[in-house]
Structure formats: structure tokens, C-alpha cells
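Please go over the structures that come below.
Two complexes follow with chain A in common, the first pairing it with chain B and the second with chain C.
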Partner chain A sequence: MITVENLKKEYKLVKRDPGLKGAIKSLFNRKYETKHAVKGINFTIEQGETVGYIGANGAGKSTTIKMLTGILTPTSGKVTVNGLVPYENRQKNAVNIGAVFGQRTQLFWDIPVRESYNLLKHIYEIPEQEYQETVAMFTEVLNLEPLLGIPVRQLSLGQKMRCELAAAFLHRPKVVYLDEPTIGLDIAVKVKIRKFIKEMNQRWGTTVLLTTHDMQDIEEICDRIIIIDGGTILYDGGLEQIKKQFGQQRVIHFELADKEKFVLPAALIGQAAVLPNEEETKVSLSFDHESVKSSFVISEMMSMYEIGDLNIADPKIETIVEELYNKQEKGGEHEKVLANS
Partner chain B sequence: MRKYWQIAKGRMQENTAYSAWYWAGTLASVMRLLIIYFFWQAVYANQTTIQNINLETMLTYIVIAMLLQGFVGGVGNELAENIKEGQVAIELMRPYDMIFKMFAVDVGEKVMYLIQGTIPMILIAYFFMDLSFPKSPETILLFVVSALVGIWIGTFFDFLVGVLAFWTVNVWGVRVLKETLITFFSGALVPITLFPDWLRTITEFLPFQAMVYLPVSIYSGLITGTEAYMALGVQLFWLISLYVLVRGIWSQAIKQITIFGG
Partner chain C sequence: MRRYTKLYWEFAKSHMKVMMEYRIDFLIGVASVMLEQFASIFFVKVVFDHIEQINGWSFYEILFIYGIAATGRSIHQIFFDNLWTLGWQYIRPGKLDRLLIRPVNPLFHVVADRLHQDGFGQLIIGLIILGTAIPQLDLVWGAAEIAMLVIMIISSGLIFVAINLFFATFSFWMIDSLPIVWAVFNLSDFARYPLTIYHKGIRMFLTWIIPYGFTAFYPAAYFIDKSGYKEFALWTPVAAIVCCVLAYAFWNRGLKAFASTGS
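Entry: the complex of A and B
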């Protein structure tokens, strides 16, 4: 369905010396700085897969998605989506794909949602009967009925996102790219959206590529994840494996009366690691939940120090990515954690 | 073709979203018409002709020019904003040709303007002002064709200015300059025949006169016979050149977006 081979993207940025002098200098003598956003990545996604594409901000996620949709032309390497090269056959490719960009709207601002869908029907040349069926189904699953007559500008973020999602799936595309579809939404809406994505995937075999910072999204929708950092793929494999490997990582933040005196308790040496924490009174410990229990870490800390407050953080994607990244650094060579690519 | 028509229709719907705003537009158009009308009445108070143009011909010219000028703009502004805000990325993911899509939007805008601004102005001009009408059906036909071509020249030119948003930071400055150039050199303000010779020569080599001056001159009989057909030829030349230029610059701009990320 999607194949990506040795894909690279470089941006040229104008480099400026600071201040007015630098600004004037740059008028005459421009120096360019090359930014390698994506540094030669490879992956293949089969029809019907649901893939979480994750990484920190600026890791190269959006750049990759833009190349897959045909918005960006790669510097080198090869992309095919459903047998087409997206940036060469932009209009043909467009029929096969749908997309939601959490930060942008693709509905028409001033007209009711129903009219937006109607316009999309014509733009994508969806047969009338198929269109009616699809809209009826979406209306039911996403509970759109009360929203259809309202102009987009009057919808709340959650309502808008439900409508956006329906718009992306309206022409029954083979692939859907979802770039942070749950950003800024409350739990109830998130649940609805996840359920919808899953259902579409099962019903039509839609291939889904999803980027998010919400671990819950990934857990509920995806069966495979690809982690990218600094433009290279750190991990590509099943969700279960990575959870086993890294999901046991727990972080506890302790608020200490006197952080200056803090040293890791002897019982925890080798079991827990101190994470950098910029707050003056807080110490963060990270450990593997399988070998040490949270209760043990807490009781050890309580016996040694005066603890004002503590909180146990959920394993976040950022921490997993960081963990992976550190592992790779330590390894020294290019030994990637590829489970089954 | 059908999808572009639907896009045009969608735009018409969008334009009716704010009804107070819509009718305010009508009022503004009518006011402008009246101001221009009484201004020229006052100019002619102490003379019967200016450079052989009498009041009736002048008023006819000015009113028709004003009606046409309303259509000379285009979607360039919107395109520029799309580009600046990155919305153009979503447009590139759609199964349509972006230039045609923008033109469809433009047609939608103009149909609405026709109802909102032009028709009320025509009604007032017809019932309350002494304007002259072309004598022969041939002139009317020539005028209609010439006006349509002129409007498209204006649209293409506006699109061109919009695409410039890629390379200039200050789109607003470019647009103000464009508006001024068009108002003056298109002959929408005063007939170009009133310009001094040297300025008229310059004007003849610019595309602006093809937007308003040529069609209105055909209508009001300032240009007749073979000259009228020549004028149409000049217009067609500009129409085709501008279209080619629009295509060329647009594909350059697309490369810019897709290679440099906007």
C-alpha cells in the first residue's frame, strides 16, 4: 500500500547573523544552512494496517506525512502510495487518500457542515447512493445529526473535529493520514473518534497512519508503531513488543524539602535512574516496573527523606522515545531496535 | 467541469452567510454611483464638452466603467492568504486543479456581486440617469465579448499578484500598488483619451486599458468599426499572455512549496 525507500528531505534555511547588521548582510550575501528533516527512512505499510507514527515535535513526522500526501517533494528516495508517486500524480493520488490535520480545517468555514459534505461529494465525484449511505452511517456513529445544519465557524473544537474526521473518510479513501486528530479534545470526544477510526478500518480496510502525542490513541487504534527521532526511524514494530520493552517504565516525581542533600538511596542503586528535573524542589526517578515495584521505591524514598508530595506519571511516548534514543547513543553503533520490519 | 461549478455555487452560498454585510455592499455600490454621477454633473456645469466629449457620453463612459471595474478584481487576495497561512497544503491534496478551482471561486464571487452590486446600479442608472445605449446590435455584441475578456484579464492579473505572495513578504503593499495602477491605467477613473500624449502612449503598452477602457470605449462609441476589432485583438493578446504567465508562475510557486515547504 505504502512503500517508502531511503526517503530524504532537506530544507535550506537562510542563516543570519544577529542584529540589523546581520540582516543587511544577508541581503547581499546569503548563507544557507541545510536542515535534514528526514534522513533516509524505509518502511512498508500493508493495506488495512493501522500504524502509529510517533516522535517528539520536530522529529520529522509531519514532513513524512506531507511527502506521502504529495504536498512535499522529497530531496531523494522513493515513495509510492497505492502504486502512485504522490508528488508526481497529485490529483490522482488525492482521490485515494484522506487526511485530517488537527491544526487546520478543511471544511468550508461559512457554510453549514452538510453543504461542505455536499461540495466534497462533487469534488471527489462520489456516486449519490454511496454518498447517502456514507453520510447516514457517519451521522450515526459520530452523532453528527445536530451539527449538520450549523456553519463550521460556530462549532466547538470537539464538534468540528468529528465533522473533519467524517470529511476525511467521506470518499472512502484507501489510506487516511491523521496528523494529531485528538489534539486539544476532551476524553469523551477522544473516545468517540478512536472508535470511529477503528470501525472504518475494520469495515473498509482503510489503511491508517496516525501521529499523536497521546499514548492512549496509539493503544486503542494501532497495531504497529513507527518511532522517529531526528529524522531517523528508531523503532518499527508491533505495539505489544514496545510495551513490553518500554511500557514498564515508570516515573515518580518526589517533592523534597531539601533537594541539595539528595542522593539515590542505596537500595535503589542500579534499579532506578534519576532524571533531570529543573524544578528546585523536585526529584524524578525512573525505573522498570517489572523489577521494582512502585511501592518499594516510594517506601525507600520516604524512609530516607521528608517527602512533601509525590506523583506517579504515566509512561509517555516522549519518555519511551527518549529511552530509545539514549539506548541507541549508548550502543554507539547504528544498532537500531528493529523488531520486525 | 461539474465540480468547478459546484465550487462556484458553494462560494455563492458562503457569500450570503452574513446578510447585513451583503446588503451593506449594495448600499456602498449605489452610493458610489451617485457620488460619481453628481461629480461629473458639477464638472460639466460650466462647459458643454471636455475634449469633444459631451456630458452624456462622459456619464455613459464613467458609469459603464464603474460597473466593469467591480469585476476586474479577483481571488488573488484569497490566494495570497491561503499561501501565507499554509492552507494551500490542503488544497494541494484535493483532486482538482488549483488554478481552475480559484477561478471557479472567482466566478461564484462575481455572480454574487452581479446581484448585489451591479444589478441595483444598472437599475438606478437606467431609470434615473440619462445614459446612451449603443446603436447597433453589433456594438452590443462586441461590447459583451470585450467586457468578458476584459474581466478575465483583470482576474488573471489579480491571480498573478496573489501568487507573488510567495516571494514578497508584504503582500498588502503590492496589492495597494496594484489597485492604484488598475484604477488609474484601466481608464476607470477618467477616459484614457483625456491623458496627456506621453501617458497615453505608456498606457497603450500596459494590460490595464484592456480591462476597462477598451470595452467601455466600444460601448460608448469612442472606438468604432475596424478599430473596435483591433481593440478586441489587443485584449485577446493580453488574455492569452497573462494566462500563460499565470500557469508558468504558478507551477514555479508549486515547486517552491513542494520543495522548500512554503
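Entry: the complex of A and C
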């Protein structure tokens, strides 16, 4: 369905000395430096998969998506989507794909939503009957009825994103790229949007590639994640596996009467680490569930301090990912992670 | 081709709906362009109140040249005005990316995205000027002449479009080339007067480098015997086609460059 082979993208950037002097100097004497945005990545995605593509800002996510959609031509390597090379057959490939790009609207700004859909119908040459059915269904699932008559520019962000999502799926594309579809939305809208994406995936077997910073999106929508950092893939595999592999790290938050006096109990030294906690009364301990049990940590703490309250944090995908990023920065554990992927 | 005609019609319909919804904006737009044009014609009129001819050209002959330019420009302004906005509306905010993943020609999409109301003012004024000037010219008008006039006006419009497209395309490399497009466009004012009144260098420039000469003076010269350019004027449609082909080829190059660098 989607195959990516040894995909690379390099940009040439003008190197500038700081300040006005530097700016003037660069007018006459330009020095370029090469930025390796994507450094030779490989993956395959089958029809009907829902894949979370995650990474920190500037990790190379958007660049990859631009190459998958055909907007950017890679420096080297190859992409095929449905047997087509997107950047060579951009318009042909466009028939089979849909996309939501964060806050860049694909609807027509001045005209009512319904008219926007009508134009998209003509752009994608959707048969009338199919179009009517699709719109009727989306209207119900996403509750669009009250919005259809309003010009796009008058919609709130959440309303716009619902309409936007419907537009991306309108021509029943085989693949949909969602670049941060839930950014800046309230929880109610997020839930609705996740439900919609899942439903489309189940109903039509739409392949979904999703980038997001909201790990809840990933947990609810995706069965697989690809983590990219610094232009290389750190992890590619199932959501469950990564939890098992890296989810042994537990965190417990304790509420202490007197935080000032806190020192790590002797029995826990070498077993648990103190995490920075902003709150004045709280102490957070992190430890490996394999080597030390939660009950032991708790009883040690309770024997030494007066504990007002405690809270065991779930092993969230978020903490796992954060850990992976940190390891990458340190460099040390990198190989181990890659070997597991 | 049929598909694009139909698609354009669908785009145009929704633009017209918006225009009708904002009737006041529409009327103000049309009126302001007409006022602007009247002002510059009035200026020419004042000049001619004091002298009879400029370099052998009478007031109505100059008005005729003016009329062709204004009508030709209206084609550009009504249908292709969005080319102005390529840099700041499409490339800078990343909106072009959106168009690139649709199954239509991106240039078509950019052009179809707007139907400019002010252009209608330009069209009305152009037709009024032509209507005033033509009866005063020493010409017999038959079907052939009218057909020729229409061809000339369309060619004039296409040259305006091609030149704008060519310079707007620079936006692919420099994000927004609007200042260049604007500077070049202002040269078209020169072409609204007989090119014979200018120095040879300017004449050559407006004929061979930035061919605005073909937007007004040459097409008009076809109908005015004494101009001495009656035959040369026949090249106008050819010039229009060549300009469009060149500009479109350049646009495609720009698009390719954009695909390798991104915004």
C-alpha cells in the first residue's frame, strides 16, 4: 500500500551570522549548510492500517508526509502509494488520498460549508449518489447539520475541524494523512473526531497515517506507531509491544506534609529516582517495576514520612515516548532501541 | 478541457453567489475602478483641450488605444486577478500545498479561486471608451472588423495575463514577488499611448522585452491606417500565444523548484 525505501530529504539553508551585520554580509557572501531533515527511512504500511507517526517538533514528520503526498520530491530514495510514485504522478495520486493539515483549511474561506463540499464533489468527480450518501452520513456522525449553511470563516476552530475532516474523507480516499487533526481542540471535539476516524477506518478500510502530539489520539486510534527523531526511525511496531517493552517504568506521586525534609529512604537508593515536581507538597518517584514492587516503595515511604495522599501513574505511552527521546539525546541506549524495533 | 470548463463554471457560480451576497462591496468595487479610469481619461482630455494632436494622433485615436487596453485588462482582472496573490496568499501561508494534493492543475485552481468584481468596472469603462472613440474614427465597420477587434482585445488580455504569470512565478524562489509584478505592471501605462511618441529604446523594450505594446498600441494600430503598423499589428495574436506558452513553461519550472525545496 505505502512503501517507503531509504527515503532522504536534504534542505539547503543559508547560514547567517547573527545581527544586522551578519544579515548584510549574507547578502553578498552566502554560505549554505545542508540540513538533513529525513535521513534514509524505511517502512511499509498495509491497506487498512492505522499508524501513528510521532516525533518531537522538527523530527521530520511533516517532511515525510509532504513526500508521501507528493508535495515534496525526495533527495533520494523512493515512495510508492498504491503503486504510484506520488511526486511523479501528483494529480493521479491525489484522487486516492485525503489530508488534514493542522490548521490550514482546505475548505473555501468565503463560501458556506455545503458549497465547499459541492466544489470538492466536482474537483474529485464524485458521483452524485455516492456524494449524497457520504454527506448524509458525515452530517449525522459529525453533527454537521447546523454548520452546513455557514461560511467557513465564521466557524469556530472545533466546528471547522469537524468540517475539515469530513472534507478529507468526502471522496472516500484509500489513504488519509492527518497532520495534527486535534491540535488546539477541546476534549469533546477530540473525542468526536477520534470516533469518526476510527469509524471511517472500519467502514471503508481507509489507511490512516496520523501525526499528533496528543498521545491519547494515538492510544485510541492507532494499532501501530512509528517514532521518528532527528530524521531517523526510533521505533516501529505495535502499540502493545512498546508498552510491554518500555512500560516497566512506574511513577508514584506522594503528597508529603513537609517536603523540605524529604530525602530518599536508604532502602530505595539505587532502586528509585526522584523526579522533579513543581508542586510544593508533592514528591514523585520513578522506578523499574521489574526490580522493585510498587508496594515496597509505598511501604518504605510510609514508614519514613507522613503521607497525605498518593497516586500511581499509569504507564502511559507519553512517558514511554519521552523516555525514548531522552535516550536518543544521550545516544547511549539508541542501539538497543533500534534493535528492538 | 470539458472537465475544466465545467469545473470553472462551478467555481464561478459560488463566487457570484458571494458577490451577490455582498452587493454593496460589489458596487463600490465596480464604481471605484470606473472612477479611477475616468480620472486618467479626463487628464488626457484636458491635455487635448490645449493641443490638437500629439505626434499626429488625435484625441479619439488615443481614446481608442486606451479603450483596447482597458477592455483587454478587464479580461485579466476579472478572470486572472488571483495571480497577484500567489506569493502572500498561497506560497507563504502554505495554501499551495493544499492545492497540490488535489487532482486538478494547480494553476487552474489558483486562477479559478477568484472572480474579481472590480474587473467588471474595468470592462464597462473599456466598452464605454471604445463606444465613444469608434464612431469618431475614420473607419468602416463590418463583421470582419468587429471580429478582428474581438481577437485583438482577447490577445491584449492574454498578454496581460502572461506577463503577470511570468513575474508572479518568481514567488516560487523568493516567497513573494509582488513588488516585481507590480513594478512590471506599471509599465503597461506607457503602452496606452502611441508608442511612436517614445524614444526608440522604450519602443523596442515594450515590443520585444516586456511586450505591453501588444496590449493596446499595436492592436489599435491595425485599425488606423496612418500608424504605419497595420501589418505588424497582425502579429498580436501570435505574440499573445507565444507569451502564454513561455509564461506557462516558466510556471511549471517554478513549480518543480518548489517541489524540491518546499516553502
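Everything that follows uses one rule, which is that the second predicted complex is superposed on the first by the 256 of 341 C-alpha atoms of A that agree within 3 Å, B and C clash if a C-alpha of one lies under 4 Å from a C-alpha of the other, contacts with A are read in each partner's own complex, and residues count from 1 in each chain.
The rule is simple: a residue touches a chain if its C-beta (ideal position, glycine included) is under 8 Å from a C-beta of that chain, and two chains touch if they have at least 3 such contacts.
Predicted model only: the values in this text are computed from it and were never measured.
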Clash or fit, chain B versus chain C on superposed chain A: clash
Touch test for A:Leu234: chain B only (first), chain C only (second), both, or neither? neither
Just to be sure I read the superposition right, which of the two partners does A:Gln91 touch: chain B = first, chain C = second, or both, or neither? both
Partner chain in contact with A:Leu119 - chain B first, chain C second, else both or neither: both
Regarding the shared-chain residue A:Thr73, is it in contact with chain B (first), chain C (second), both, or neither? both
Determine where on chain A the residues touched by chain B overlap those touched by chain C, and list them. 11-12, 63, 66, 69-73, 87, 90-92, 94-95, 97, 99, 101, 104, 106, 108, 110-111, 115, 118-119, 122-125
Any idea which chain B residues touch chain A in the complex? 2-3, 6-7, 10, 13-14, 17-18, 86-87, 89-90, 92-97, 255, 257-261
In their shared complex, at which residues does chain C touch chain A? 3, 6-7, 10-11, 14, 17-18, 93-95, 97-98, 100-105, 113, 259-262
Note which residues of chain A are touching chain B in the complex, please. 11-12, 63, 66, 69-73, 87, 90-92, 94-95, 97, 99, 101, 104, 106, 108-111, 115, 118-119, 122-125, 151
List the residues on chain A that touch chain C in their complex, please. 11-12, 63, 66, 69-73, 87, 90-92, 94-95, 97, 99, 101, 104-106, 108, 110-111, 115, 118-119, 122-125
